[in-house]
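Pasting a structure here, questions to come.
Naming follows writing order (A, B, C and D), and every chain is counted from residue 1.
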Amino acid sequence: MNKETNFFKRLNDWVNGEADRLFPELQETDTPKAPEPVATIGPLPNKDVLFLTSYQAVALIVVIGMVSILLYTVYKLPLFGVADNPAVNEVVERYVEKGLEETGAVNVVAGMILDYRAFDTLGESSVLLLAITSVMMLLLKDEKNTDPDEELIEAHEAVIEDHNRDMILQTMTIILMPAIMLYGIYVILNGHLSPGGGFSGGAILGAGLILFASGFGHNRVKKFFNMNTFRALTTTALLGYGILKTYSFLLGANHLPTGIPLGIPGAIFSSGLIFVLDICVGLIVACTMYGFFSVFSRGEI
Amino acid sequence: MKNFFAELINDRFMIAAVLLFGLGFMNLLLQKNLIKKIIGFNVMDSSIFLFLASQGYINGRIAPIITNGVFDAEVYINPIPSGLVLTGIVVSVSVTAFFLALTVRLYGIYKTVDFDEIMLLINKEAE
Amino acid sequence: MLPYYYNIPAISILLCMISGISIPLLSSGRRAYRLTLFVSAVVTLLSALLMYKVIPLNEYFTYMMGHFPAPWGNELSAGPLEAMMGFIFGLVMFLSLLGGSMTLFHDILPGKQKFYFTMMNMLMAALLAMTYTNDLFTGYVFIEISTIAACAIVVARDTPKTIGSTIRYLAISLLGSGLFLIGVVLLYCITGHLLMPNIQTQVLRLVSTGLYTVPLTVVAGLLFAGIAIKSALFPFGAWLPMAHGGATTASSAVLSGLVLKGYIVMLIKIFYRVFTIDVIRDLNVTNIMFACGLAGMIYGSIEAFREEHIKRMLAHSSMAQIGYIFMGIGLDVNLGVAAAFLQIMVHAFVKPLLFLCAGRLSEVYDHEKSSYRLRGSAHKDPIAGIGFTIGAMSMVGIPLLGGFAAKFYLVTSAMMNPSKLWPALITLMISAVMNALYYMPEVIAIWTRCELCTPNPVDPNPGFDYISAPVLSAGVLFLGLNGYSMIQVIQRGLALL
Amino acid sequence: MNVIYELILIVFLFVCAIGAFLSERLLIAVVIFMSYSLVMSVIWALLQSPDLAITEAAVGAGVSGILFFITLKRIHALKGTKDE
């Protein structure tokens, strides 16, 4: 056992390009900042130990029972990959056969999530807004959420980072960034024609921004993307999504035509609202993903 | 017996999904380390999505993107699970971010990510 | 053309969502607060209009979200019960925010108040959508929204303790949503639909042919377990007291009064509209609910009796009240479900009233929330004292108040099912006695003069004094006096589901 | 033949999941979890769901991995930060 951990440790250090002197620092809890929490608790009272063990035993039994019930259920379910399972019914038929005609989207999945079942997707975009809002609520810098030592270390790190930008990272960023951005935009704009769409394209755009920020620093990103742009973009995109969909929900339910042309199937400017909605979703996702990164690492956008 | 094994191999994705669900569920429930708890949550969610996606698959059919003007429902797989999973993935990453933010704040206060220790410290403070 | 009031459910949900989205554009927390109040008032009025239209006609309708009808697109469905729940959600949200506004602006940092109101709006939208939805997957998405929003309004207070309790709340809620999601997925696998009426046709077909009985039972169990975890039914409710007790007053009121109820209303809707209640009874799910409900009543009461911190005591008492609701559903008679529904409504008024009044009373002694420190506080703030007394009396089951009506109909429906009569009656008795044992000393304490204590001057909160407390108390009284007619309306509504 | 590839991928999933839970160091756990997501996205591509594969590769393996890394940095579970 000991030998094995040694091997892994050596492997680690080899991967990290570090020498043996880092051996004692391998245990994460022994960082200089951690004031040995165990010592402040002291040995657990007997009652608590008993409670914890019995809780774990009960939980284990529950999980094993649940998994065996589910396995038995799977055994009773329709087989994998056969065409006559109950899920293949008139709904699927209509989505595939009439989808292009009714929604204008060549990609049936995009047509389904942004037109047939658009209410779910509106909820899902709101989940993103909720997540970024709650993360901002927790991690934006304020009087309850600052630690002077941390601040000092972070300021110090920021200075070091600004002066010693990683050469390899920067060069690779310059090479890769345009390709990533272009690919993200392509995936968003082609959401109704090919696999992808707002969610994946937005995540790619967000990842591109994150790469840029880690290569060139937050301050460079701030020049074109700060809190105000972030707020304006997410709110406008989500509001646009909400209002467009409200318009189409209300008219649709009252059996009125929306008057939005579907265009020529397969053309880039086609499929009516889906094209616009994909752009909105892409913007929301890109901003949210970069927002997560920025708030997590700096406590600001 | 042979039939049983044939079915076992045939239902490979569903069985794997259920086992992974159990694994993730157990870790979400029992893991003390908050980071691993979150990984457990992610494994649990993605296993459900694997289950759902495998329900949409039909042998010998292709992804539901209309090509060459073929509108026959017999050619494409079921598009509904894909749409639902797409929704689910985004929900799951949002919850992950929230969970991680809570972890960061708790670490800032108690300097540990061990959930049991944190609970004990909180209870101790209350007394 | 559809009748105009068919649009009300969709408009209320979308209004809440759009206002939640646009709050970041506002300049301050106060404005966000006013917008939220305005939106919940509008939702209340719209739901009242819907009630006025739907209840006399006893009408149930479905509403397409988009251009495509039932098996293809999302749908909402509404009837008397949904309209009543929408009304209560809007009204109680309005009153809780109004009554808890002082502590709210005190507890939450100015920079983060806007975020808090985004959450409140989204929570409102999620509650409404869970009530109105006719689609299981939409239900799942909005359950997740309400999970994040509920955790966020707990953590908004930003003390070490609330963060700790929130992480526990979140972890346990996620277990619940995981179970719910896998239930929905399995149900989709065996029926091929996501819209409730279409699933129902398939389920009835499966039951009559005897196909897939095992998966069906498992699905019912998983959906129940998922919702039970989220609504803090007994074995799963350990997270509730810390989360609800630690949050700011308005959050506690909304969480205890509304969020737990939203999940239960959705569960009832699933049972009636997806499985039909007879199938559920055949699958023995109701027996589990009955047992868990009874255990929850006892456990919650005992824990509340032992608790000193007044807000945590109220939270423990919520667990007991959730037990009443599940016991009512588990009684296997239709009157029992109606009584459970009445209990949901009564509790939606009583618990926010108690939380708001307790919050006001504890302000008298500088936010000390231990019961012993509240002695004599009612004399400094008589309106809160009276409100607390009315709430406590309703909890104990004094006639003419809402709690009495709910308990009365629970007992009546227990009479109709001889096999479950005695366990139900004995537990109800024990729980009622325990209620009296922990609420009455509290009431006596707040009205006993304390010569040595030095109370703080209390800032008047006109919103609480003239609107929240009187309206919530009036709601409790109204439900108590009109118990019979409410039960009639609920029973007719249940028959339509 | 396809079945064998799929079985190998499934075994890989299990190895990743169990490895992530058993590994001592959080950094390794997160890296293993990212590879889990990547394998999941390959499986989805095999299941003819390209939309899911792209999204999982971008979101599951990409962005949530980055979030985990930053969290590890914030909780001082990464060694060799620049202030040393």
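FYI, a residue touches a chain if its C-beta (ideal position, glycine included) is under 8 Å from a C-beta of that chain, and two chains touch if they have at least 3 such contacts.
Small disclaimer: the values here were computed from a predicted structure and weren't measured.
Student: More contacting C-beta pairs: B-D or A-D?
Tutor: B-D
Student: With centres defined as the mean C-alpha position, give me the chain C-chain D separation in Å.
Tutor: The answer is 38 Å.
Student: Quick check: how many Å separate the C-alpha centres of chain A and chain B?
Tutor: Centres of chain A and chain B (C-alpha means) sit 14 Å apart.
Student: Quick check on chain C: which residues sit in contact with 2+ other chains?
Tutor: 137, 141, 144, 148, 151-152, 155, 163, 182, 188-189, in rising order.
Student: Touching two or more other chains, which residues of chain A qualify?
Tutor: 33-34, 70, 77, 85, 87-88, 91, 95, 107, 109, 117, 120, 124, 127, 130-131, 134, 138, 145, 195, 197, 199, 292, 296
Student: By residue number and range, which residues of chain D touch two or more other chains?
Tutor: Residues 26, 50-51, 55, 59, 63, 67, 71, 74, 77 of chain D touch two or more partner chains.
Student: Throw together a list of every chain pair that touches.
Tutor: A-B, A-C, A-D, B-C, B-D
Student: Using the touch definition from the top, list the residues of chain A that touch chain D in their complex.
Tutor: 12, 16, 18, 22, 25-26, 28, 31, 33-34, 107, 109-110, 153, 156-157, 160-161, 164, 187, 195-197, 199-200, 203-204, 206-207, 210, 289, 292-293, 296-297
Student: Would you mind writing out the residues of chain C in touch with chain A in their complex?
Tutor: That would be residues 1-2, 6-7, 10-11, 14, 17-18, 20-22, 24-25, 63-68, 71-74, 109, 111-112, 115-116, 118-119, 122, 125, 129, 135, 137-138, 141-142, 144-145, 148-149, 151-152, 155-156, 158, 163, 182, 186, 188-193, 202, 212, 214-215, 218 of chain C.
Student: Which residues of chain D touch chain A once you look at their complex with the stated criterion?
Tutor: 25-26, 28, 50-51, 53-55, 58-59, 62-63, 66-67, 70-71, 73-74, 76-77, 79-83
Student: Show me the residue ranges of chain D that touch chain B in the complex, using the header's touch definition.
Tutor: Those residues of chain D that touch chain B are 3, 6-7, 10, 13-14, 17-18, 20-21, 26, 29-30, 33, 36-37, 40, 43-44, 47-52, 55-56, 59-60, 63-64, 67-68, 71-72, 74-75, 77.
Student: Give every residue of chain C touching chain B within the complex, in rising order.
Tutor: The touching residues are 137, 141, 144, 147-148, 151-152, 155, 160-161, 163-168, 170-171, 174-175, 178, 181-182, 185, 188-189, 194.
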